[in-house]
Each structure stands twice: as C-alpha cells, then as structure tokens.
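One chain, chain A, appears in both complexes that follow, with chain B as partner in the first and chain C in the second.
On to the complex of A and B.
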C-alpha cells in the first residue's frame, strides 16, 4: 500500500498537486475547481468534469451503445469497478473503441480541470472510479497536452470568453461552405447555450466544440450573446450549474447519482 | 479483440514499418504510438500530422462527389478515407478511423520505401482501422 503524504496540499495549482501525487505513486481522486482526476499508482486513469460529457453520455447519446446495454454494464460491473470491461466482455463495444472513447473523455475532462489551474480542493486516497481500468496516462503527458490545447485555442482566436458564455450567431453573417462538424456546431448556437451545453446536446467532447466555436468566432459567425434584459428570466449560468445536473438529461442525472452512491460504498 | 496498442503492433508487423501511431486530428493528441517517431518526437509529429489531416478532412473540394451530408448520413466522417505522402526514402500513410461515437482519429503508419509495400499497407491499415473500432 502506497503511503500518500500531504505534499500535494502545499502545491499552489492542481497540476502541481498532480505532479506531487504522481511522484509518490499515489492512488486516489484529486478534486480541482472544475472536476476530478483519478490516479492509480501515480498515473491518470480517469477524469471527469461537469463541463464535459462523460463516457456514458458519449456512448449512449451517439447510439454507439444502447442505453439499456450501458445500464446493464453499470449494474453488473459498477460495484467491482469493471463497467468498461463489462461493456467489452458482453460484446457491446470493441476493446479499441472503449479505449479511444475513454481517452477522448479523459483528456477532455482533464483540459477543463487544468484550464483553471487553481489550488486543488481535496484528495481522497484509495478512491477508485466505477468505470475501472481502461488505459492509464502519465500525469506529465496530461498536463502537457492541456497546455498545448490551450495554446491551440489561442492561436485560432484569442478570446477565452467564447469557451464559457452563452453564444449567438452574428446577424447578417454569411454561411460559407462549412465543414460538416463545424456546420453542425453552428446550428446549435442559439443565443442561450454555452459551449459545454452544445457539446452535451451533440454528444461531442467539449474541447472539440471549443475548437469549432473559436474558428466560427474567428470567421465572424459566432459571438458572445448580449446579456439578457434584467426584467426577464434570470441570466443563464455561464457554465453548468454547480451540481452539474441543470442541463443534463434524466439518464445522465440518474447515472451521476448512481456513481455517487457507488463511490460512497 | 485488439486495443490501441495491439492494433499499432499489428501495423508494425507490415514489411518496412518504422513507426505507427493513433492521433486525434482536431486536438493533435497521440492516443498511442509504437516504434520510431518520424522526427524523433511522437507528440510533435502528432500535432503536425493532425493539422495536415484536419485540412484534408475538412476539405470541401476533396469531398466533392460524395456530399458532406450524404457521407454523414452513411456514418462515414470525414468523407476522405486516407492520405499518402511520399519522401525519397519513406511512405507516410494516414487512415481515418470511423467510429459510432465522437472521436476524430486517424492511424499513421511510417514505412521505409525499400521494404514497404504501399498497396498492401493501405489495405491492411484499413482493415486494422475497422477492427480497432468494431472488434
């Protein structure tokens, strides 16, 4: 059993805390401002954020795995932390597909956890995610990738507000022949929703939607929505609400509750 | 059923294979890599080839004939299947992987020209891309 010291708590940033935990070969869950990173023997095995769709949302809302098949895997594999293996063993998902989707969700959530690299909130030693082991990634690779992703967005269009505020289409702006993905993202821009909400409704990784939105903003097709008039309904929150359920469909909300219950075991 | 590493190791068994990787063409992330990296650094190679692949994937001209809408309905996105670059001593073969969920990845195979068989590699890489996702 690895002894975990409290060195992580003295670090000023979540990424530095992750580095300290990696050096100790720690296992557990580190909570930051915008999500949780799970470590096993000092490597990142999973990450989740209220700003990004989790593996279940990516798989079921895209139709890759039927909703009841996903739930069956959660029911049978959740308590043993083997939901991922269960999906593959039951023939619902190819091993490679699970790895690709899992890494996609992991780096997506880690980007948001590390994008606001404030002091980590807490570390739960020994905490294991119910999904179970799929692939692990070194902490420094995750930190480097998140830095690179931030730099890529700034190269496209240096306006970080696009990532978090409600967005609107620019009136009168023409719609040139957009690539299919970006055109689909543009159809979801409605003056109310944020990037995270658009990603959720399209079952896409949020960072990839950010790339589309920054390109659309650079082309003058999308801009931050003007604030709602004060006498109307309350201004929509810039991101998901703190509970992370305000914009979820009932399935995901239920899944989150189930996850919390499993983690409490 | 092969995972990412097994698929890349299978690609490395092709004659002339020097290196193979699986890369996200929007973020530029290498999800996995085996063998030698062209240029010596997989992360740099992935970021660079991703930019190239993105331009091809998003090209309206290359997709002409199979409209983006029709390709999307057929579940084939992007409409381009693969791209090939040749140098004096090597082939680079990039194969887009079609997945039923949001992924945007391609397989990159680096082949030496002396031993490599481009036609064979192209067929095999397409099969590997399917098996990676479909089992």
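On to the complex of A and C.
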C-alpha cells in the first residue's frame, strides 16, 4: 500500500489537496466543506455531498431499482463494499446503466465539493466507500469538469447561492412558454426546497436541475427564498448538516440515507 | 451484461465502418466514455461540439411546439457519417451516443439497428 504523506494538508484548496493525493497514488476519503471524495490508487472512485441526492436516491426514486432491492444490495454487499456488484450480479441493473448513474452522481457531488473550494478538512487513509468499485476517474478530469460546470452555470446566471439555498417563485412573474423540463423544475420550487431536494423528487441528476434553476433565476422567475422568521425549528439551510462534520462518518451517512428512505415511504 | 466500456467496444466491433464512439451528457457536454479517438480526431472536442447540435435541435423543436422526441441525428460528410443517437429511459435522460462511421463501409440501417441493441444495455 502506498504511504500517504501529509502534503495534502498544506494545500490551500480541496482541489489542490486532491492533486497532491493523486500524485501519491493515495487511497482513502478526503473531506471538504461540502462533501467527501473517495480515492483509490490516486483516482476518484466516488464522491458524496449533502447538496446532491446520492446514487441510491436516484436509482430508487426513478424506479430503476425497487427500494427493497436497493436495500437488499446494501444489506448484503455493504460490509464487503460491494453494493454496486450486488446490484448487477442480482440482475437488478445492467452494468452499463450502473456506471452511467454512478458517474452522474460522482460528478454532481464533486461539483459541490470543488465549487466551494476551501481548504480540505481531513483525509482518512484507506477508507473505502460501501458502494465499491464501479468506475474510476482521474483527479484532473474531475477538477477540470467541475471548473467547466461552474463556468457554464455562472455564464447562465452568476449567483452560486441558487445551487444550495431554499428557492421561491418570484410573485407576479409571468410564465412564458417554458421548455418542458424547465417548466417541470419550476413546479417543484415551493419556497422550502433546495436544488438537491428538487433533483431528488424528480429523480434527476442535480447538475441538470442547477442549469434549469439558474436559467429560471436569470429569467426572473426564481429567487432565493427569504429566511423564514421566527425560526421554530433548527435552520435547515444550506444543507442537512451545516457543520459538515456529522456525515463524515460512513455509518452516519448510512443512517442519513435510511432516514431519507423512511421519509420517502 | 455489458458495462460502459464493453458497450462502446461493441459499437466499434459489431457496427461496420465504425471508427470512434462516445457516450455524452448533453447538459454538461461531458463525455462519460470514449473509444477510438486519435490525436487528429479528439473525441472530447467532438462530444462538446455535438452537444451544441443536440441542444440547438431540441430548442428548435420547442420553439416549433413539436412534442416529439429525437431518435437520432445524422450528419453526412464527404467520407464519414456522424450519428448521434439519444438515449431514452429514466436514467439515460440527457445522454447521447455519438458514432463516427466510414461512409464507404457503413450500412446506416444496420448501424441504427445495432445501436438500438447496444444502448439498451446502458439504459436504466
């Protein structure tokens, strides 16, 4: 196993820390402010962020995999980090379809981890994601794609807050003939939900929703929801866990998913 | 069951005249997988550029009020065909397969037929 030095910790940004770990061929999990990137032998194998629905949510909510089929795979394959293999081996999903969905979820989460490119929090050497190996992507490809997405979104409407905060429809704004997908996204904007929650309810990749929402914001149809006052419950925004520490632990992440699934019933 | 890489390999091996293939997300323009590109023919560039083609056609159809779906787009060059085939299915939403074919060897009807079979492996 490659010995991992602490060079990553001296880097100013998460993307630079990823670059340093890639150069060492590191395996483990790097936590940034908005999520975790999993590396295997210096390549990105998975990414998770509280700002995007995870692979399980995408697969089950789209109906591609029945909910109990997903949980069965998590039960049987989770401990050996082979949930992905389980899904394919049990015939629930074609290998190619799993890879396509996995890459979608990986790049969606990586965008959030890298768009807010602050100093990385910590690195857990040897940590492996329970999904297991599906596909790996070079670190520089992930960083480059995240940069490109950020630039594309900013070109549509330069307000990154739209990506993360609860959104509301602008009162009185007309609804001229919107393209079907954008219209569907607009119907989900209710003053409470964030882009991630809209993506989850439409079972759609988050980046696609971000593009729609930035366009709607540019057209003056959608804006950040004003904070609800007085607060009766803990502040839900910007993500389920503002401290960004609790879900660092894989078991907590699993519990969070379990809670989401129960709520979805 | 085929994974992404074997699906792309199958495009090149089972479709007559096929020389390059890519699976592309047309919202971001990113290629999820490529096979057969060369230094002279950069598939990443082709993926990004053809994303604009797909988006322009979708936008035009919306302006025209057409509620139909695009099955494929064919671009005929002097010696090549470029075929863009949009994936359906819930998870495949927003993806297209891009295929470069040698015009002198390709059979378009067969290519379409083969692609339909291969894309079924990638759809959720």
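Here, the second predicted complex is superposed on the first by the 230 of 265 C-alpha atoms of A that agree within 3 Å, B and C clash if a C-alpha of one lies under 4 Å from a C-alpha of the other, contacts with A are read in each partner's own complex, and residues count from 1 in each chain.
In this section, contacts are C-beta pairs under 8 Å (C-beta built on N, C-alpha and C of every residue); 3 or more make two chains touch, one makes a residue touch a chain.
Given the structure is predicted, the values throughout are model-derived calculations rather than measurements.
Chemist: Should the superposition on chain A be reported as showing a clash between chain B and chain C, or a fit?
Modeler: clash
Chemist: Just checking: does A:24 make contact with chain B only, chain C only, both, or neither of them? Give me first, second, both or neither.
Modeler: Touch partners of A:24: none, neither chain B nor chain C.
Chemist: First (chain B), second (chain C), both or neither: which does A:179 touch?
Modeler: In the superposition, A:179 contacts both chain B and chain C.
Chemist: Is A:63 contacted by the first partner chain B, the second partner chain C, both or neither?
Modeler: A:63 contacts both chain B and chain C.
Chemist: Should A:149 be classified as contacting the first partner (chain B), the second (chain C), both, or neither?
Modeler: both
Chemist: Should A:72 be classified as contacting the first partner (chain B), the second (chain C), both, or neither?
Modeler: neither
Chemist: Is A:103 touching the first partner chain B, the second partner chain C, both, or neither of them?
Modeler: Both: A:103 reaches chain B and chain C.
Chemist: Check the residue A:207 against both partner chains and state whether it touches chain B (first), chain C (second), both, or neither.
Modeler: both
Chemist: Once the two structures are superposed, pull the chain A residues common to the chain B and chain C interfaces.
Modeler: 58-59, 62-64, 88, 94-97, 99-101, 103-104, 107, 135, 145, 148-149, 152, 177, 179-180, 203-205, 207-208, 211
Chemist: Give every residue of chain B touching chain A within the complex, in rising order.
Modeler: 1-4, 6-7, 22, 24, 26-29, 31, 43, 47, 57-58, 60, 68-69, 71-72, 77-78, 97, 99-105, 131-135
Chemist: Can you list the residues on chain A that touch chain C in the complex?
Modeler: Against chain C, chain A makes touches at 58-59, 62-64, 88, 93-101, 103-104, 107, 135, 145, 148-149, 152, 177, 179-180, 203-205, 207-208, 211.
Chemist: Using the touch rule from the top, collect the residues of chain A that touch chain B in their complex.
Modeler: 58-59, 62-64, 88, 91, 94-97, 99-101, 103-104, 107, 135, 144-145, 148-149, 152, 177, 179-183, 202-205, 207-208, 211
Chemist: Which chain C residues qualify as touching chain A in the complex?
Modeler: Residues 1-4, 6-7, 23, 25, 27-30, 32-33, 58-59, 62, 90-95, 121-124.
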